[in-house]
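Below are two complexes that have chain A in common, paired first with chain B and then with chain C.
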Partner chain A sequence: MSGLRHTKDAPGAKPTLIAETGRLLLILFAVTSVLVPLLWIGFAAFRTPMDLTNPGSFTINPTLENMREVAKGDIPGASYRSFLVGGITTIIGLVVGSMAGYSISRFKTGGVALRFAILFPTIIPPTVLAFPLLALALQINISDSLFAVIAAHLTIVVPMITWFMTGFFAGVPREIEEQAAIDGLGPFRTFFQVVIPNVLPGLGASALLAFMLSWNELFYALVLAPGDSQTLPVAISAFNTFQGVKLGPMSAALLLTVTPVIFLSFFIQKRLVQGLGASGVKG
Partner chain B sequence: MASITFDNVVKNYGTFQAIRNVSFEIPDGEFAVIVGPSGSGKTTMLRSIGGLESISSGRILIGDRDVTNVAPKHRDIAFVFQNYALYAHLTVRANIGFPLKARKTPKAEIAERVEDVARRAGLEKLLDRKPAELSGGQQQRVAIARALVRQPSVFLFDEPMSNLDAQLRLDLRHEVLELQQSLGVTSVWVTHDQEEAMAMGDRILVVNHGIVEQNASPENLYSDPVNSYVAGAIGSPRMNMIQGHSANQVLTADGQNYPLFPGCPDGNIVAGIRPEDIHPVESGREGSFQAKVQLVELLGARAIVSLAVGDRRLNAVFSRRELGDIKELDTISVSMAKDRLLFFKPDNGERIRLAG
Partner chain C sequence: MSQVSSQTLADASERKGLFSRLVDAFPFRWWMALPLILLLGIFVLYPLGFSFYLSLTEYKLTNRSLDFIGFEQYRRVLTDGDFTESLKITLTFVVAAVLIELVLGLVLALALQKQKFARNITRALLFTPMFLAPVAVGLVFRFLLNQQLGLLPNALAVFGWQVDFFSPNMALWSMVLIDVWQWTPFMVLLMLSGLESMPKSPFEAARVDGASFFLTFRTLTLPMLAPVLIVALVIRVLESSKLFEYVFVITNGGPGGTTESLQFIMYQTGIRFFRLAEASAMAFVFLLVLAVPIIWMLRQAKET
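Coming up: the complex of A and B.
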């Protein structure tokens, strides 16, 4: 890959005007399609309901009315629950996923097949898994609780972290573990004291990615905990009432939801690419 | 302090035999070098001593203790890896102290011993750095210091200098030898570089295809190799090997005649002569033959002279005085030092020893 990039940057091989223009247009399109909805939400969050009824106009009489309504309702509670679900999902995901990833990477557990098969659960659409999970949750009396949501989120997060970390562990020199064995460490101390410090960047990226997946997840949460244990996406979807969509408060709530996500993505994007690369190339 | 003994050791990887029934002993306090090409089994032998590799059959002893089934941490060894295997997240101080900390040594004692070892290895000023902030040579010093700190009874080195540049290798070579001599700890050093082996070893084990071809002092390997493999593997430039038919004190090879001397074996043989044992002589002298100078590589006090005898190339090393005004494309007379000729069987390379 670096070789390709190298030829591109080589002097004398300047891209033609057409190619360069095309490239910029493509980037502009991509950026626009991501930014416009975000900007629109940011805009709408501070407009009055009256202004919002006329989507064509850009008049703004800045108001905190929407924010106030959001603060009064269930959004703060839902945020707290989402934070709890995200946090617990991430912690369990990290513990199970990193150990599984280490096992697959070092001991070839499950062979080459498992390395890739581990991602299969993430291919199954939530619509397929949601109702069996609901039936199960009802049976063991955890429906409409955060436990059910956490369990459902783990079906996505554990395979994802396992796969992600497998690549990171492959990059840790085996000699370091052999050195640790000579120095007198057992397998668990070797894992925690010697191996884990070498994959901290990957672990950090995994944590953020897992948290974001859980934080944004709507479908499982909606099916498994529609009542008192609503998470943030479920609570926001409730602004879509039978009286119509309450655009203002919904935009305000969305703004509050995406802000931490944008903030986090900013930090992890570099590591994320690194991790994906590590996992893919060394298969 | 302890000797190291291999007793009929075999190591199989599936159907591949990495170590084929090898026995040897490295006496207490010696610096032994295992030298061989890649894939010869030399690293596997070293890792077996360290317990990083389990063996398929046979026994390994450190001192009088059978360690065949003993875990690495209980073998009382220290291992220095080719890629240093430093703990990247720890400072130099913590890296060196790690083996002590892992064994629950009191903190004050750790601090004292780390300081002491760091001084010996010239690392006092670098103790608070992380490995990534050090040069390759410094990283290897840290790895060696970490090996020293526990005062083990055996040091094992796996090609520890192959990632360093030439000058640094020479420096570090001296330092390691001095440390080893002052500590008197039995050491095993693996390398593919025969020059490094000759320079460092009290004893050299020449390994090829999973067996030890010869286990002897550098002087003995050089002057008295047991077969043509060892003769070719030790010494640079390589020993010249002339395969031909010997009769009446003349070796005939590819239509060329090479004068031998009374007592030489008759029949199909391989004659081996080291480059430094070929000398220029005045023409017509008994035992001499003609050669054309193809290439002269001046190395200062000596020169490597590439000679053509018929279609055959022979390497010779002439001293500056011998070289005189010999230059490329000259035809000169040379002779082989009689008492330095070695003979081998052409089929298996075994040495043919002369009677008397």
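Coming up: the complex of A and C.
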């Protein structure tokens, strides 16, 4: 109701009651469409196999059996590996990406060519790089290890961080560097001690987004580490042969996969809009 | 005085170690970009070149021969009906999914712009799907749309509507549905940030003049939003053309090959059938097709 009261302040023509009702119904429909699949999985994760195979019913005899079965399987190990890959990729990405982002933002280093080179690996289909990386990994005996996956993930994470940080550095006033130069600081120390503290919120958002990119990524991980070193997305993709009885554990595993990401996403949404805006998406 | 200071400077430069002389050899800005350039060179440029060479050999995972055979693999890919069929399937998917996402995203962004009640929580909820792992989203919908056990077919059956979402006629459209569910939020995010960065005064003038919603939309909102629309469109075209996860965990290309996306048949050829050279050739043909939207985007970027 309070939505109606405030609409007069919004730019554009004055809405009619019908338009306003339609607008609210549309938002309600969208929210429902997003929530129902997620809640249904969260619900299923705690239902017994008997209840799950009876789709018409909403009965629930809450059980932790699904969680227990997931805990016994590949999922915990795979989560740990995903965490490791995501963590290492993000840390390398932050160092490399913020340094390059600063250079590009302040000095237009590399010009259009470097900007294109940065976008290129994120644009291309992953098959272009995954197959040669696999052949190279086989050559030096690091296939089915996390090294190959980390290398592949760096090709998407580093460009993303560089792109975002270029935008965030543009928002830092040049005066602080001039002041640092007067104080006798060299350019490297100025960057690490003076400039970086000014972009910490942007750096944090980039880190979370980078981690999520790696955490969610399937194709490179599937091609480069399909066996003992499988990451979480590869491990949960094994549920693609599910029988009725596997629905519970599958739901539990999905819940474990998406919950941390949903939690993290709430922290970065505002920064994300800012980052997209700052790096020129807005045109 | 000046003699003394120049003397100390000379001393200082003589005392400089190898390290600082190395630092001085390059400008600061190139040092800062060096890690990125090295990384791109080792993990992108080198594999890219190697990939192209692979596509000119008969390399298989079972027989790693690097003997040069020319463009034989390309001839095989282009004359083999499977690849062109898969290209058609992927194009259909991309056009349908991106158009729906564009329209739905725009409508939702306009609706959300005026939303004042529970503003932040509504937005946070609606943005959620794009942060989830596509493979997880695929499995969620495999469960949700399953004919026997799924919520949606059973709910539709109550109204006497029998739908098999993974039948040969429907499977690809179900992939579109899932893509729309997951990625319309991305469109909304971009468009909302575009809408909210627009100047307010033209809209106030339009309201004072009594312009209708559609007139305002057509003459003010849409032209001002065009740059954002183009970026959003291109990003989604490029991303959705990589359709793989939903297919991999739901239909495995079936039924009857109706959901065999390009990315999927490349995985099939290269990994499951071990023919890495042929798969690399496919990847390069695909890259050539993708060059069309990429070049278009670069042109647009130059104009705006």
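What we mean here is this: the second predicted complex is superposed on the first by the 254 of 283 C-alpha atoms of A that agree within 3 Å, B and C clash if a C-alpha of one lies under 4 Å from a C-alpha of the other, contacts with A are read in each partner's own complex, and residues count from 1 in each chain.
Basically, contacts are C-beta pairs under 8 Å (C-beta built on N, C-alpha and C of every residue); 3 or more make two chains touch, one makes a residue touch a chain.
Please read all numbers here as calculations on a predicted model, not as lab measurements.
J.: If chain A is used to align the two complexes, do chain B and chain C fit next to each other or clash?
T.: After superposition on chain A, chain B vs chain C: fit, no clash.
J.: Just chain B (first), just chain C (second), both, or neither: which does A:G227 touch?
T.: neither
J.: So in the superposed three-chain picture, is A:A152 touching just chain B, just chain C, both, or none of them (first/second/both/neither)?
T.: So A:A152 only meets chain C here.
J.: Should A:N198 be classified as contacting the first partner (chain B), the second (chain C), both, or neither?
T.: A:N198: touches chain B, not chain C.
J.: Quick one: classify A:G111 as touching chain B (first), chain C (second), both or neither.
T.: It touches nothing on chain B or chain C.
J.: Who does A:V95 touch here: chain B (first), chain C (second), both, or neither?
T.: Once the two structures are laid over each other on A, A:V95 reaches chain C alone.
J.: Taking the superposition on A as described, I'd like to know which of chain B and chain C A:L218 touches: first, second, both or neither.
T.: In the superposition, A:L218 touches chain C alone.
J.: Does chain C touch more residues of chain A than chain B does, or is it the other way round?
T.: Comparing touch counts on chain A for chain B and chain C gives C.
J.: Draw lines from the C-alpha centre of chain A to the C-alpha centres of chain B and chain C: what angle do they form, to the nearest 10°?
T.: Taking chain A as the apex, chain B and chain C sit 90 degrees apart.
J.: Let me test your reading of the model: by the given contact rule, A:P62 touches which partner, first (chain B), second (chain C), both or neither?
T.: Neither partner.
J.: Smallest separation in Å between any Cα of chain B and any Cα of chain C in the superposed model?
T.: 5
J.: Which of the residues in chain A come into contact with chain C in the complex?
T.: Within the complex, chain A contacts chain C at residues 1-3, 6-7, 10-15, 19, 23, 26-27, 30-31, 33-38, 40-41, 44, 52-53, 55-56, 95-97, 99-100, 102-104, 106-107, 109-110, 114, 116-118, 120-121, 123-129, 131-136, 138, 151-152, 154-155, 158, 162, 187-188, 191, 212, 215-219, 222-223, 226, 232-233, 236-237, 239-240, 242, 244, 247, 250-251, 254, 257-258, 261-262, 264-266, 269, 272-273, 276-277, 281-283.
J.: Touching chain A in the complex: which residues of chain C?
T.: Interface residues on the chain C side: 28-33, 35-37, 39-40, 43-44, 47-48, 50-51, 54, 59, 61, 64, 107-108, 111-117, 122-129, 131-136, 139-144, 148-151, 154, 181, 185, 189-190, 192-194, 197-198, 200, 203-204, 206-207, 210-213, 215-217, 221, 226-228, 230-231, 238, 241-242, 244-245, 248-250, 252, 262-263, 266-267, 270-271, 276, 279-280, 282-284, 286-287, 290, 294, 298, 304.
J.: For the complex, which residues does chain A have touching chain B?
T.: 173, 175-176, 178-185, 189, 194, 197-198, 200
J.: So in the complex, the part of chain B that touches chain A is made up of which residues?
T.: Chain B residues touching chain A: 50-52, 71-73, 77-79, 81-83, 85-90, 98-99, 102-103.
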